[in-house]
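Presented sequentially are two complexes of chain A, the first with chain B as partner and the second with chain C.
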Partner chain A sequence: MSSKTPSADDIVRPMQSTQRWYYIVFGIASLLALGWFGLWSIQLQRGLAVTNLADWGSAGGVTWGLYIGAFIWWVGIAHGGIILSAAVRLFGMKRYLPVARLAELLTIGALSMAGFYIMIHLGRPDRMAWSVIQAYPVTVHQSPLVWDVTVITMYMVMTLTYLGLTVRYDINRLRDDLPSYLEPVYKMATLGYSEKEDEVIERIVWWLALGVIVMAPLLLHGGVIPWLFALLPSMPGWQGAIQGPQFLTIALTSAIAGVIILALVLRRAYDWYHILTDDIIRGLTLWLGLFSLLFIWLQLQQVITGVYAAPLDQRAFAHAKIANPYYQFAIGVVLIALAYIFAQAVKPHVFSVRRSLAASFMVLAGTLTEKVLFVFEGLEYPTFDMYYNVPGHYFPSPIEIGSLVGTIALCTLFFLVILKVIPVVELHAIEELRGEGHAPAEGDD
Partner chain B sequence: MVEFDVWNVLYPGTWVIFGVIGLPIYTAILGWFLGKPRTPKKAMMALTYLVSFIVSMWVGVYILTILIGIIFPPAM
Partner chain C sequence: MSRDDDSCGHGSCGCGDDEPADESFHPLGEDHEDEMREMLDDTEYDTELGMDMAEDAMKLIQGEISEAEFHEKYNEAVVEEFDVDDRPTVEAFEEAKAEENESIFQKLTGDGSVAEKLSNVDTEMNQSRRDTMKKMGAGAAALGLGGVASAQSSGDPKDEEYGAEPVGDTSEEGTQLGMVIDLNRCDGCLECVTGCIEENQTSTGANWMYVLTYEDDNTDQENFLVRPCQHCTNAPCEKVCPVRARHTRDKDGIVLTNYETCIGCRYCQVACPYGVNYFQWGEPDVPYEDLPGSENDYEELKQMPDDERHEQLVETNDHIHDDRGQWSDMRPPQGVMGKCTYCPSRQDGHQGEEKVGTVACMEACDAAGMSAIHFGDMNDPESRPQQYLRQRAEQEFERDTELDNGEEWGDTVTPWGKLSAFQLLEDLGTQPNVVYLGNEPGPDAEQVEGPVTYEQIGADDNRKEHLNQFTFGTGDD
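Right, the complex of A and B next:
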């Protein structure tokens, strides 16, 4: 571990200099994103026929597949962020202050990708204008799909407000070290700022954190999103109150994994070993272990109640699920990650950041696979299986798979741009690490 | 005589979204204006942030998706 003392210079460095790796990653991400836009334009011209989604039953297909699975996955990743940051403020978890803003930004990047998937999945994006926005006053009263859009909007604007308010402190104090060509942006972001506001803004943010920490886990990923599926009584794989907690565990595991990856990449890129310390990564790894354990536990609940003397429709679904090699892969990688986390908890010398990084990637791959399977297998095994003999089985088309690469590239681009605009580590975190103790949680405990 | 059924008027989404799911955000906004320390000006600023983000997000999506619809008209 580095013995360097953290300073404000560390956090403005990404805005003051640009290394070679930045251009390379930017170039690759741009190419991949452009490639995806090319593929998407094919879908926009020819319609969803270019996917392997098809009419349910009669065409031997499923109407929801990778797009919806990836949507859930991105919303899940989006969770980590702001919840982690809110926990820092509400519960005084100062240890994680250095990753708080990274986590908030991950929420914004990932939630944007989730929203983009809604647009992609609609086939014709202008349906967003007609079917979602214009019809909203009518549809919100009965459609879980519109509830979903509503809550995601609330979550997004709460996160943006949270970031917009907390960044005022940093911009005001670091103004001289920030790029001058962005002066109009900084001027707007700190409109009406005075040092006297700090205490009040901190309290405003505390209330926002309180709202987020209830809304995001309990009402969004553990509420409205699972209700998109669990409220449909004809799909045994989707139905049931267990979907809420199950979705939440997926959100929390993939979110923590996302924060670990991001923190490790940035600490290497900007030599932030003394800010994003091994101690933080170790702590996040333990949280990843806890949430992975809950994920596996809820899977076990579903498998046992599905295969042992269950109603016939549930049994057919559960047997199909556990026999699917992709499901075995999803559970297998999460179990391997869990084994490592358990081992490093028992014997600390087993811990290494590379292993934690690998565990995070495994968890992300596992949760994505499980969620995509959940979506289309749920449709393939309905209660009333009148299309049983219609041939066909869903597997994502290259364009659908391309959307995953494209959205990951877009999210990467988002981070590369934001690195040049605002400090991605809060100034409060530096003050805290230096023992200057302006931690936001203290006055609020 | 037609029997009055409250669920025909008060649909699930009406109370789920505006009654239950909205609670955390109502609480936060009430906290801004009624909690301590407070400054109505700063609370109003936070509310402006919130509303501006909602409006800019959805107006942006509305315009963007209509533009995409014009560039890629439906196949005949």
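Right, the complex of A and C next:
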């Protein structure tokens, strides 16, 4: 713990000096990413036959698997991130201002990975752009997959706008401390800046935040993404109204876990203990607990309604689900995390950042497992189940698992690069912290 | 009109909709009229009388003359020719009007009517529709059987739902290719599966046509379910496709995949409740160059005028493009979705006129002497599937009345009601265009090994196992 006063120098430090760990992490992440690109090129050449995917029905496989599961997971983190950041601005949760930009950046990184997963998943990625655009005027009326691409694009644009607007303030004021070789970038970013715009930008950003919060349940992880599954009557594990709330809570759970991890890593790397304080981590841990609880609650709803007196196809799925060891793992780790969070809420001395970090990793592993399982298990138990080879079988192949490593490495690279370009903690946050002395304001949330 | 009519679909019998100068009274055109005349000539009855009655029957449908007038006009002649006039009388007509629920089909099949005569017809499967029509004789022609049924039943409440008529609405406009599959005739020989694989050169395990032998708790007998693509009118696969590669062809309502634009997202496979889609996970077993028509380029084809393109496709015996010049027949290329196509290049005449109106699986099934699959226009009362349905309905009724004499034909019992017909997963609202006759699999139905295994026909049942060898890192490489 530090009693230092937060200053502008703190947030430009990543751009001024580069430590050894940076090179090491950069090297490892690059290697992993390159390794993944190598694997992907094999898939592009030989086709998706290199995965463990197959046709459902007479063929005994599932046609969607880890790629789609990981896609939802990344989109979830992305959507959760922007919701978190929007909530900070909209509800004046100033305590969390220091992590707001981290959440936005996480959104951009994670959303890019989600987009990349769409490409990885396709049989003919070369046709993606042209085929989709050509048919767009018609398909946008009926295909959930097109809605999906639409909202992902929309949120990418919104988040970039969001970031682009808020970063002008910082760059203008910190320009002298920023690396000179990036001058053209900063020039572009602050084009036409004048201090008079600050107030206007703040209002625009507030409206953007409102848009994000309102649209989250309608179009983001509470809407379009779950509709990809919930609207199909042929797969009882997917169909139904609970998917919207379920997806949204998982998104928020994953995003908060992601932000906790990021914050803890960065504060250690740049000695930001006085900016990304224990207090923030404590608060985020509580939020993680709340959304984990919602996640468990909605799972319970599905299991109970599935096993009691559901129609046969739903019953078969629900029984298979609770008997699946991966499902038990997913629920188990979230329950353990919840137990810790509850304990530290009751007895504050139980809290430690290491435990919160562990809880975050467990929750992320749990949500990833649940999401991948949701996708392939749903396809293993279709309504039309009289085939010999139903339920089908699936376990991710090395290339599929490699994609996870690859995308996590790419997302890490994204952060390593962005650390060198813009301050990942807002100047506003520093001003806020200074204005109120060392101790951040006690929870207005 | 000396062609063998057995294979007559909509296209080859000249009953198309493209004859503007046609003076015929019959909605199906002059050719059809000639065909009827020819059939009447073959009978012992008066051809001219039959034709006149048929013409007036059409007027009757149009409402130009009343049923009473129609009855009166021919009463004498009919009695003279047939010794009896069994047509619905004026009184019967008025009575029928009072009863709103009664359909024209019931009238047709009323006591001592055409249908009863029909029920004596030999329904051996190898007999052609033409033979049947001959035996139907003047009566059928006079009442313009198909025409009357379809034209008048359109406003009939009983046609509004699938419940009463097993094939749905035959009064629908346009062609809708589909199938009637008689599961009672299937013996699980898998000839249709072989026929499909040979026709389409699909890769190992991609069994576009698939037959499930299954056991059901409710019955002890061995049951079969023949499962091609259902070519749904409300196809979920088409609805979800993000690029419109999966689409319904306007011309004949078949559901195809455009291999040129499909991005391989496999959402169609996810959305289809029947599991009929088979993705091309890797390199196809049969190289593109070996497919008939591979020398044609779809982009060039699309730029040609329709006639020229058709000529080119016929000349080259093209098997992979349809008449629009679109690549959507035979096995798909790598990374693209495939499924049963209803053989579009056959329907478009690229395999020769004799193949129009046929599909490879039906051909194989007929050749095996089973004739369980009946392919054709589901909206055309004269098509092979519709004729077969009628035939079976009457057959079933015949059998039933022998058992229970208390029942009255056309009174409380309808021929459709006697048919054990169903559509697969009908309640999902997909509006499939395959109608099954026979037992519907119950909720506990489980596939079992059939009398002929997939191994025996050299096909692969579990494609997943086959694909495992290509899995990188755990496969053979």
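In the analysis below, the second predicted complex is superposed on the first by the 428 of 445 C-alpha atoms of A that agree within 3 Å, B and C clash if a C-alpha of one lies under 4 Å from a C-alpha of the other, contacts with A are read in each partner's own complex, and residues count from 1 in each chain.
We adopt the following convention: a residue touches a chain if its C-beta (ideal position, glycine included) is under 8 Å from a C-beta of that chain, and two chains touch if they have at least 3 such contacts.
Since the structure is predicted, the reported quantities are computational estimates derived from the model, not experimental observations.
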Item to complete: Would you check which partner chain A:G223 touches, where first means chain B only, second means chain C only, and both and neither mean what they say?
Response: first
Worksheet item: Looking at the overlay, does A:S85 come into contact with chain B only (first), chain C only (second), both, or neither?
Response: neither
Practice prompt. May I ask you to decide whether A:G47 touches chain B, chain C, both, or neither, giving the answer as first, second, both or neither?
Written response: both
Discussion item. Quick check on the superposed pair: does A:Q246 touch chain B, chain C, both, or neither? Answer first, second, both or neither.
Written reply: neither
Practice prompt. Considering only touches as defined above, state whether A:T285 meets chain B (first), chain C (second), both or neither.
Written response: neither
Worksheet entry | chain B versus chain C as contact partner of A:L39, first or second or both or neither | second
Discussion item. Is A:T412 touching anything from chain B or chain C once the two structures are fitted on A? First, second, both or neither.
Written reply: neither
Item to complete: Applying the touch criterion given at the start, work out whether A:M386 contacts chain B, chain C, both or neither, answering first, second, both or neither.
Response: second
Discussion item. So in the superposed three-chain picture, is A:V146 touching just chain B, just chain C, both, or none of them (first/second/both/neither)?
Written reply: both
Discussion item. Based on the A-chain superposition described above, do chain B and chain C contact any of the same residues on chain A, and if so which?
Written reply: 46-47, 124-125, 127-128, 142-144, 146
Worksheet entry | For the chain C and chain A complex, residues of the former touching the latter | 205-207, 210, 212, 214, 225, 236, 239-245, 261-267, 269-283, 334-337, 424-425, 428-429, 441, 443, 445-448, 461-465, 467-468, 470-475
Practice prompt. Give every residue of chain A touching chain B within the complex, in rising order.
Written response: 41, 44-47, 115, 119, 124-129, 133, 140-144, 146-147, 150-151, 153-154, 156-158, 160-161, 164-165, 192, 197, 199-201, 203-204, 206-208, 210-212, 214-215, 219, 223-224
Practice prompt. Note which residues of chain A are touching chain C in the complex, please.
Written response: 39, 42-43, 46-61, 63-64, 121-125, 127-128, 131-132, 134-135, 138-139, 142-146, 149, 232-235, 312, 379, 382-384, 386-390, 392-393, 397-399
Worksheet item: Where on chain B does chain A make contact in their complex?
Response: 11-14, 16-17, 20-25, 27-28, 31-32, 35-39, 42-43, 45-46, 49-50, 53-54, 57-58, 61-62, 64-66, 68-69, 71-72, 74-75
